Every structure is written in C-alpha cells, then in structure tokens.
Amino acid sequence: MNPTDNTPGNHNANGDGATKPGFHNTDGQGIAGHGSFFQETNLSREEAVKATDWVRKHVDRRTVDLGDRMDDIREHMWELEREGEIIVHRITDAHKPMTVRTLFGWEKKIPTNQLWHHKSCGQCGNIPGYPTSLLWTMNQLGMQPGRDYLDETDQTSCTAWNYHGSGIGNVESLAAVFLRNFHQAYISGKQHGFDAGHFFPLVHCGTSFGNYKEIRKYLIESAELREKVKKILGKLGRLVDGKLVIPEEIVHYSEWVHVMRNRIASELQKIDVSNIRVTAHVACHYYKMVHEDAVYDADVLGGNRTAIITSVAQALGAQVIDYSTWYDCCGFGFRHIISEREFTRSFTMDRKIRVAREEANADVMLANDTGCVTTMDKNQWIGKTHEQNFQVPIMADIQFAALACGADPFKIVQLQWHASPCEDLVEKMGISWSETKKRFQEYLKEVEQGNIEYLYNPELAYGGAQ
Amino acid sequence: MQGDASDTVLVVGAGPAGLSAAASIAAAGFRPVVVEKEDVLGGAPILSGYAKLVPSGEWAKDAIGRMVARVEQDASTTVFKGTKVTGFEGEPGDFTATLSNGEHVKAGAAILATGFTHFDSINKPEWGFGTYEDVLTTTQMEQMVAGGKIFCPSDGRVPERVAILLCVGSRDRQIGREWCSKICCTVSTNLAMEIKELSPTTDVFIYYMDIRTFGLYEDKFYWKSQEEFKTKFVKARIAEVTTSGDGRLLVKGEDTLVKRPIVIPFDIVVHAIGMDPNEDNPEISKVFGVGLEKHGFIDRAEFYTSTCGTTRRGVFAAGSCYAPETIDDSISQGHAAAARAIAELHALARKKAG
Amino acid sequence: MANYAEMQQIFDDIRSDFRYDHELNGCLNCGVCTATCPSAHFYDYSPREIVQLLWTENVEQIYDAMQEKIWACAQCMTCAARCPFKNSPGGLVAIMREVAIARGLQSAKDVLRPFGRVMLKLITTGNQLSPDMIQPDHFPDWGPNIQKVEGDLKVLRKAIPVKTLQTVDTAWEVSLKTSVEMYTIWEMTGVLKSLEMMDENLFDVIEDFIDEKKEDYEDWLEEQDED
Amino acid sequence: MAIHEKSLIDADRIMEHDSLVVDGVDVSGHWNTMIKPRYIADYDDDFEKIIQSYGGGENVHRCWQCGSCTNSCTMYAVNTDFNPRYWIYLTRLGLKDEIIKDKDIIWQCVSCNKCTNICPKDVRPEGVMKALAHWLEDEGHTEVKPSHLFDEEFWEQVERTGRIEDAHVIMGFFKKTKQPLIQEWLTAFTTRMIKHLPFAHLFRMGMNFVFTPRTRSWGRTGKVLREFVEQQEAEARERRQQARQAKEAA
C-alpha cells in the first residue's frame, strides 16, 4: 500500500508529503536510539523512522501471553462434545479453511468453501448490493453455486436487532433461533446430495455475528439454558442424535473477504484504486462483542486494530486513511434508527461523516455491517438542514472490492439503493455513472419481460451442481 | 564444580534486590554466587535506562551503579553474567545448580531476585501505543528525560501538553491484569515534575482513578507535582487514544467529576505501564520447583513466620518477583532474604554438629 | 409510581437474571464506559451511572432509570469491550429492558410504540426491514436521493440477481416451514406473551397472521401427503 | 416521532426548524431535528491563572478534590447545586462554560469560611468563590442585581463618613433602584418605632439623619481606601491582561 500521513503507524514512513499540517513549535529534531542515548540530531525522516523502530522491535506482540490468561470458550466446547453433550459442526479440510489470528493471538479457522450464506435482515431489504457483491465475487473466483455455497430460504433473522432495540425476546429465544438456523446449515447438504456439515454458515451481519457468539458462550456456560432450548429444538426436530449442534467457529463474511483479499486482488482486480482514499468503519458488533474472537493481523495496522476492512482495501491498493473517530459507533442504536433518528443522524454526522469528510477527505467509507452502512448512508442528506452538509459515499467492503474487480455498479453492486454520493466514487474509479445507469435502465425493461440474469437461483442448486 | 554448600548462597538476578542480597551475604562472611541472565548488572533501572529514582532523586545509573560496584568489587562474590540457571537439585544445605554455561554451583540456599517484566503497552492497542509515535511508555519517557530534552518523537516539536495515563497494564481484567502495580502513581508524579523542569512551557495532565502515592510519597511527589509543578489531575480512565487531523493526539475519556465525555488534544501521551510477572516465571518455577500465585508472580508459602519464603524450603525470594515492588523495598527485601538464607545455613550447620 | 416493595421486586428480577453476575463484577467509577458511549455524547445518559446504581442497589433510582434512561442506550457494546472490570453495562441495560417489559412498565410501552413496525415484521416474517417499509413518507429525512433509479419497486427488486432477494414485503424469501418453526420458538420462549403485555393491538394482528400461516402450512403438508 | 428521552437533552442543544422544505422534501419539525453533542473538546489552560489573579483564588491549583469544602458548606446543606469542590475543579481545567451555567448561584456563598477552615490543602475555597463571582461580574455574565446596588450604596457611605446611617442607606438604595421613597412597610415600621423607642434614642436618630456624623478623625481615610482598592483592581486587570496576551501569543 502507499503509506499516507494518517495511516496508523505510518506517520513518517516516506519522505515526501510526510510533513503534517498544523504542527506547532516544530524545531525539526528527530530521535536517535533510545535510553540514555537520546540525543539531539538532525536526522532525515527516514533515518528517524529507523531509529524509532526499536519501539516496535522491543515490544513483544500481543500474542505473547494474553492468550494464556484468558479463557477460550472453544476449549469448553470441545469438552462438552467429549462428554456427549453437544455436536460440534466442524470446519474440515473440505471447507478449505485458512487460519487467522484473533485479538489474544488465538487461531481461528475461516472456511473459504462450501459456505451457507446467512443473510442479514437489514441488508437484504435495504442494501441488496451487499449480498449480491459477495455472491458475484464467489462466482468470479470459480465457486459453484449449490456446491460451493448455498443461499437458502430456510433461514430467519437472528432477531437480535429487535432484542437490542426493544428488549422483546430473551436469551432463550435468541438461542433457539441461533441453533435452528445453524442446524439448518448443518443438514442443508443432504438435500443437495452431500453429507451433513457440508455447508458451513457464513454470517453476513455484524450484529448476528456478535449475537451468535455471545449466545454460544451462554449456551456453553449454562447447562440450564441448554436444557431449555433442547426442548424447543426437539419439538422442531432440530437435534442431531438428540444433541444440539454448535458451530466450531462463528464466521463473518468480512473474515472471508479478509482471507480471500489477496486472491481477489491478484485474480480479479481490474481497476486501479490507488487514488482512492478509504476510511474504514468496522462494526461494533464485529469487534467489540466477544472481542477476543475478532481478527487481528500483525501485518495490518500493526496488529493494533482489527484487520477487517483495512486489509482488503490495502490489498486492492487503496489508501487507508486514519481518522480520530475510528473506534466510534455509527449511531445506529437499534431502536434509534427507527424511532429516535434525531440521535442517529446527529451522531453519525458529528462523529463519522463530518470527520471522514473534513479530517480524512475520504472518497469512501467502508463498513462491514448492514446497520452501519444504512446509518451512515441514509443520514447524510439531512445534515444540510443544520449547516452540516458533509457527504461521503458509504458501502460495504465487498461492494468496493466488487467495483474494483469490474462489477457493474447497478446490476451487481446495486448502488442505486444508496443515498450517499456513490456517483462520485464510481466516477473517480473511471467508470461512467451515466452510461452504466442507462444500460441498467435498459436491463430493467428486460426484467419486466421476465429476462432476468441470475448469479444464483436456489431451484437450480437442488441436486448438486448447476 | 564451584562453591561449598555450607557457606554459599546462590543469588538469581542482579537487580536492586539481588545486589542487596549479595552484599548482605558477603558482609556476613558467606559467599554469594550471583547469576544474571543479562550481560550487565543492575536490573530494570539500568537495563531500561530509568532517570532519577524515587524517592532519592538520584540518577539510576549512579545509585544502582554503587550497588553494582559494591558487589563486583567484593572478593568473596562470584558473578556470572549472561547466564541462566537451568537446573536446581538437592536439599536445603546441599543444592546443586546447573548453569547455562555448563558450570555447576553448589549452594546451601538460593535467593530468587528475578524481578518483573514491564507491561507491554501493545497489549492495550486502543491506547495508541505502537500506532502513534507520540504515544510512549513511562520507561521511554524516562529515557527522554535522561537525554535531557522533551520533544515529540514524531517530529521533534516541544509538546504543549503531555497526558500521563495511569493503570496501563494494571487493574484491568480485560487483559488479565487484576493487580495494582504500586509504583506507577509515584513514578508518574515524579515524571510530571521532570518534564516540567526540562520543558517549562509543557503542561502535564495525569488521568487517574485513584492516586496511590503511599507513605511519605504523598507530599514529596503527589502534592509537590501538583502545587509546585502545576500538574493537573483529572479523574478519568482513558478509553481510547486516536489522532486528529492536525496530527495531535486525542484522548477520549469521561471526566467523572463533570460527568461528561471528553475528547482532549495532546501532543504526547505517556502510558504509566505496570509490572507484569517476569515473563520467565514459568521457566523459573519449573527449574527451582517453586510455585506461582494466580497472577504468575512467585508464591509465598507463609507470610508471617517465613519472611521471603517460597513454596520450596531453602529457596527464598525478594523484590518484584513476588509482586509489584518499589526499588527501596526491593533492596530491603534483598537484605531480609539474605538474613533468612544465612539463618538457614546456620541452623543446618548446628543441626549437623548435633 | 411504584411503591418500594414493587421497586425491590423489579431489582430482584434484574439481579436474578443468569447473566447478571457475569456482567457486573464491580465498579471503580473509572468512566471508560461513558467515555466510549455514543449515547452519552448526546444524552445526559451514563452507563457508569447505571452500573453504579445496580452496584449500590439503589432500587429507587434503578426504577427511575428504567423510566427513561435505559432506552437511550444504543446497544453498541463498546462499554463491554472497554470496561477494565469486564462489566457489560450494555448487557445490564438489556436485562433491565427485558424486566421493564416483563413488568409492563408504561415507559417501555411508550418507547416501543414507534418501533412496532419492525417488531411486527420480525415476529411474522423472521426478517425485519423489508423494501416496502422504506417509503418516502416514512423517511423524509433520508432525502430525495433515497434511491438513485426511478421505477416500480417490484421491478427493481426483480433486477437483483439473487432469487431469494426478489421480494418486496420481506427482506428475503422465507419458507413457510421456517416461519412456522419460528412461531413455535416465539410461543415456547414467552415472546408472544411479552408482546401481548406491551401492545395488545399489535399482538392481535400478529396472532391472526400466525394462525393464518399455520393453516397454510397444514394445508401444504396435506398436499404433500396426497402427492 | 419526537425524541423520547428529551429530558436527557439540554434544550439549548436541540436544533430544529419548525417549517422547512429542502430539495423539495418537507422536513418540518422533528424531521430535521438535530442535537448538538455534549462532550468536552478542550481545556482552557489559562483560566486557572486568571482566577488566581483575583484576591482569594491564589491557591486554587492545590485542590485534590477531596470534597471537604462541599461537605462542610453551609449553602450546600440547603442547595446541593452549590458545590465549591466542583467549581474549583472546573476552574482548574478551564471549563468556563460549565461555570457560567452556575453563575446565578456561585455568589450565594455566605462566607462562613467553614470550607477554608476544613480544607486539608489550604485551597481557601471561600476565596475561590469570591474570585469566581468577581470574574463572572467582570466578564458581564452576571446582571446587576438590587443586592449589588445595596452594596454600592453601603460602601459609598462608609467611604464618605467611615460609618453607615441606616436611614440613608435605605433611602439611597431606594433611589438607586428607582423605588418610591415612602413605602407602606417603612411607614408602619417607623410609626411603630416611634411608639416604642425612648425619646432620647429617637432624638439622636433624628439628629444623625439630618447632620450625618462622620467617624472621628476619618479625614482622608475613605479616599485612601478607595485609591487602594482601585490600585488593586488595576493590578489584577493588568495580570489578567498579561495572562490573555500570553495565551494569544502561544
């Protein structure tokens, strides 16, 4: 990637343009060495960077001993399986897993094949370009619908939006929904001529991801809860050998994007995006709920922040720009986005959009969750009613990746559903918005005639390969 | 084979505790064998380049340097540098230690003065260390003070404001550090004064949950830094450190007295890093057959009648290998451990003599 | 206004939740939770205060907080990720909200009335935000640019190249069997009961809908048998 | 959908146009409501110095927030918003906006000095209250209240004569506040006084009212006092000015 002033850990990495505006009292001194050897020198920036490298070399990575100090829920899960309490839906070699590291340095397997798409209830109704871009990318990588992935109608929302918004629902209902959906994923292979466990769930939504992990933890910790939901799952016929099926890992789609980023960039990328300034907004429920399970990579942001989103943007060659409210929530707030939008819009404008615009001068803000994209995308326009006319295109990381790989901004990336100025980004990437829009409008006429092109059609998937 | 078990005490580690233990043993007419894994003696104050020590105000290299000289110049003391103990067998009064250089040492007792490891701030990534060059640790800031000039590592400018964040790597269950590191409050107030002394235009803010400058450190450090050096104390634990558009750092917290979130610009942020158990403790525990308490420090068998004891008879301990400890208390403990070891050798000799 | 015994009851409900001890370990008033709380940036709301009230068992003020404050929480859970005590203030708020509903507090009813559409969608369809919910008159604040291509919603949805997404009144197509399984979960876990407590009208609508779907499913099963 | 938790938002942080059409969309009322954030974005580093330049504020930087002042405070006992510890904290960090919010109660300090007596670090909170009240006055944050005018009249008389004459103070106060000089309560009060006081006493009061005696050998004392006060004020102004300039230069 091209280091930029504001890229974390990359402050002074290049000579040109490294002078940051707004510094006061600058007297041009760098550092040489450390300890009592601190001296005044006139080092060049590059030399200064070298001299301060010791900071990074001297410190041990986070992986050293945190892992031993913290309790890994997965170990308890294996124990429960040994005791015959549960069945663990395993990630096998057939899933072609890639190994990543998480916050405490634990390893996590990310399946890259034979995936069961678990869609997001906000995404699909609101920003459909999110799942379509994902499916499109999978197809482009040569994955075969129905064999390498599945998109079923037999799934429900995780229902956590409602729970976090209203408090209606409870741990039992959340747990039953979780186990029902994941049981379906487990057995779905059978209808297509495969074994149970063939397809492994790939969760599209940040909140579902966080919620499922939390619920899994409760299930593993509480025998009472397991007992209660077992009754329900039994009634639904969703036990295997009388046991609950719990997945080895809960996997978020953006983790799949993370592990596939180099293949996406090397095999599929068609558009140079090195002139694009990207800001990343990682969903709170991705990396703050059960945070020990979020992906951290020593090569991305020094392993100091979750690698998700930044890693794919960097792999594609875009500039990732740091900004002061990186850690902030988007302002979604569950019930707030529906019934208390005054808060949502005020927060997202003040803590996200304004900062991305003014501080980072971003061409696009990438997110990895439905709620975040909706919040930041839809609530920009209203800012102009109070002299906050800040605008930044908002989309999911996979939508941006698909665009860079030549996907149609309308037909595939479905940007027509976004309210933020995605036109600007598309144009900057060298794609004509108006021409593709015209083509899409012609396609709409075809659609009216019933001539629809599919990335995937579940009926075709039955019985195996398409 | 070196040493005579009846009058030799093995001292592991040559920091303040180990050096004081060795000095006491030699002064009592016994023979200390000091084994230090690093190539220099002096322990953390020397290895990490501390500036002026609490409470004396003496430079570390002078103060600890005297301790080193006292041990190195003593004829009855044997010192192994760059060496570790890899095996330790036998009974009280008759131990044999195997060293990493292949030598064997016979000793009647052993004192573990193996110290601690500085908390690694990279484990608290949301506080910006490793991401922003102007986020430093107290040891780095001490080094800067030792160098005689306060400036931002990123571009050398003189900081208008420095924030010191307390409890980094202490009192934090999220990262498995449930203990108070005891020294950071005092060290930080001392550092605040040193910064102001070197850079009078710099304002220092300390973000705290509690200020624990126990004993006589209250007025000499806490009050003095506040009243004479105008350090400001803000009751808040910082949540995140990021950077603003103009390159200054932003600390995000809640001012719990005003009861509002704060986002305040700073030029340097200093992590008052805590004390972890020595990262070698699992190895030390195995080699010496001593137990560790739940956080990973060396465990004590009994508090009241076995001062400086461990869970193995004949093996004593002193200083920050037990728990976060100050330099002067570590030194006292070193002497105490020496007394325990010598008493043990005397008792065994009397018993042998019948 | 509840009397003291009722308030004590409410607090007992909160602390008897099995998550309570996991999510409240202690509190040193450090303020990290409030520092990172999006709601605290705009409302006079403080997760630290909520934790303190629970920690000090201040039942009157807990009750008071349940009237209004707990609904300000955005449930982003940043507080939980940051708390040096490993408390989860957001998780505690979730428990308090559940109790507010179980006890039928008026505040909960008032807050949730405008949220009813989302609940209705969720309970009946198993997914929440459907395309037909995003009508301009419901979202004038999202501006005129809510959609960049004019056209009939049905056609626009058909132009999404994934079959399961070509729906208008649900986010994706859900099989009848799945819906009925979900209704069973609602019934068995008391979700429908709390809905009835919160909003009787909404409950009636949902009940009718569920009955209808169940009948459809029975019919479908019979058809399968006949085939 | 109005904001449900409206009581959790200060009214002055709510922005709303009653009637507004933008880009052809009617977003009147709550459709355009936005809230200003409430987080604190910076400190005023020099404010403490300014308060220290007022008499009484010199030791404010010593405070460590133990709360003894507030706990012992006479006013706090009747009004928990009266919190010296809190204002001292705000002063130290320069959170002026927060202080200004309390401008109408800071001056209520009754100068009992219990706080100053109990303070373990000799901050002299009573003095800080005075300094803050003066600062608020200097910056024009406090309106001139009748009590101010009363103080003024009181001081003017002392300056002239070295003592006060109740009737003159009341009359002067009435004039300054544009109140009628003859008031019902005053008439009743005087009538009753005449009825019950011994004649000699009344006679002396009458003579004093007419001839206004001065304290013996008062001489130029009043003038000297005034000059001293003015000099003190000028010096304080100068110090504040310097503090401000230093800040601007930085």
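Letters A, B, C and D mark the chains as written, and numbering starts fresh at 1 in each.
Here, contacts are C-beta pairs under 8 Å (C-beta built on N, C-alpha and C of every residue); 3 or more make two chains touch, one makes a residue touch a chain.
Being a predicted model, the structure only gives us computed values, none of them experimental.
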Give me the chains shared as neighbours by subunit A and subunit B.
C, D
Closest chain to the protein CA centroid?
A
Distance from the CA centroid of subunit A to that of subunit D, rounded to the nearest Å?
56
Quick check: how many Å separate the C-alpha centres of subunit C and subunit D?
50
Between the Cα centroids of subunit B and subunit D the separation in whole angstrom comes to 51
Multi-partner residues in subunit A (2 or more other chains touched) are 327, 339, 341, 343, 345-346, 350-351, 381-382
What residues in subunit B touch two or more of the other chains?
126, 160, 235, 240, 252, 255, 260-263
Multi-chain touching residues of subunit D, meaning two or more other chains, are 1, 4-5, 22-23, 27, 31-32, 35, 37-39
Complex contact set, residues of subunit B against subunit C
126, 167, 171-174, 209-210, 235-240, 252-256, 259-262
The residues of subunit C that touch subunit D in their complex are 40-45, 68-69, 71-72, 110-111, 114, 136, 140-141, 143-144
Flag every residue of subunit C that touches subunit A in the complex, lowest number first.
18-19, 36, 38-39, 41-43, 71-72, 74-78, 80-81, 94, 96-98, 100-101, 108, 111-112, 114-115, 117-119, 122, 126-131, 133-134, 139, 141-149, 151, 155-165, 170-175, 177-179, 181-182, 184-186, 188-191, 194-195, 198
Touching residues on subunit B, where the partner in the complex is subunit A
48-49, 61, 120-123, 125-126, 129-133, 140, 143-144, 146-149, 151, 153-160, 175-176, 240, 242-248, 250, 252, 263, 279
Touching residues on subunit D, where the partner in the complex is subunit A
1, 3-5, 15, 17, 20, 22-23, 27, 30-37
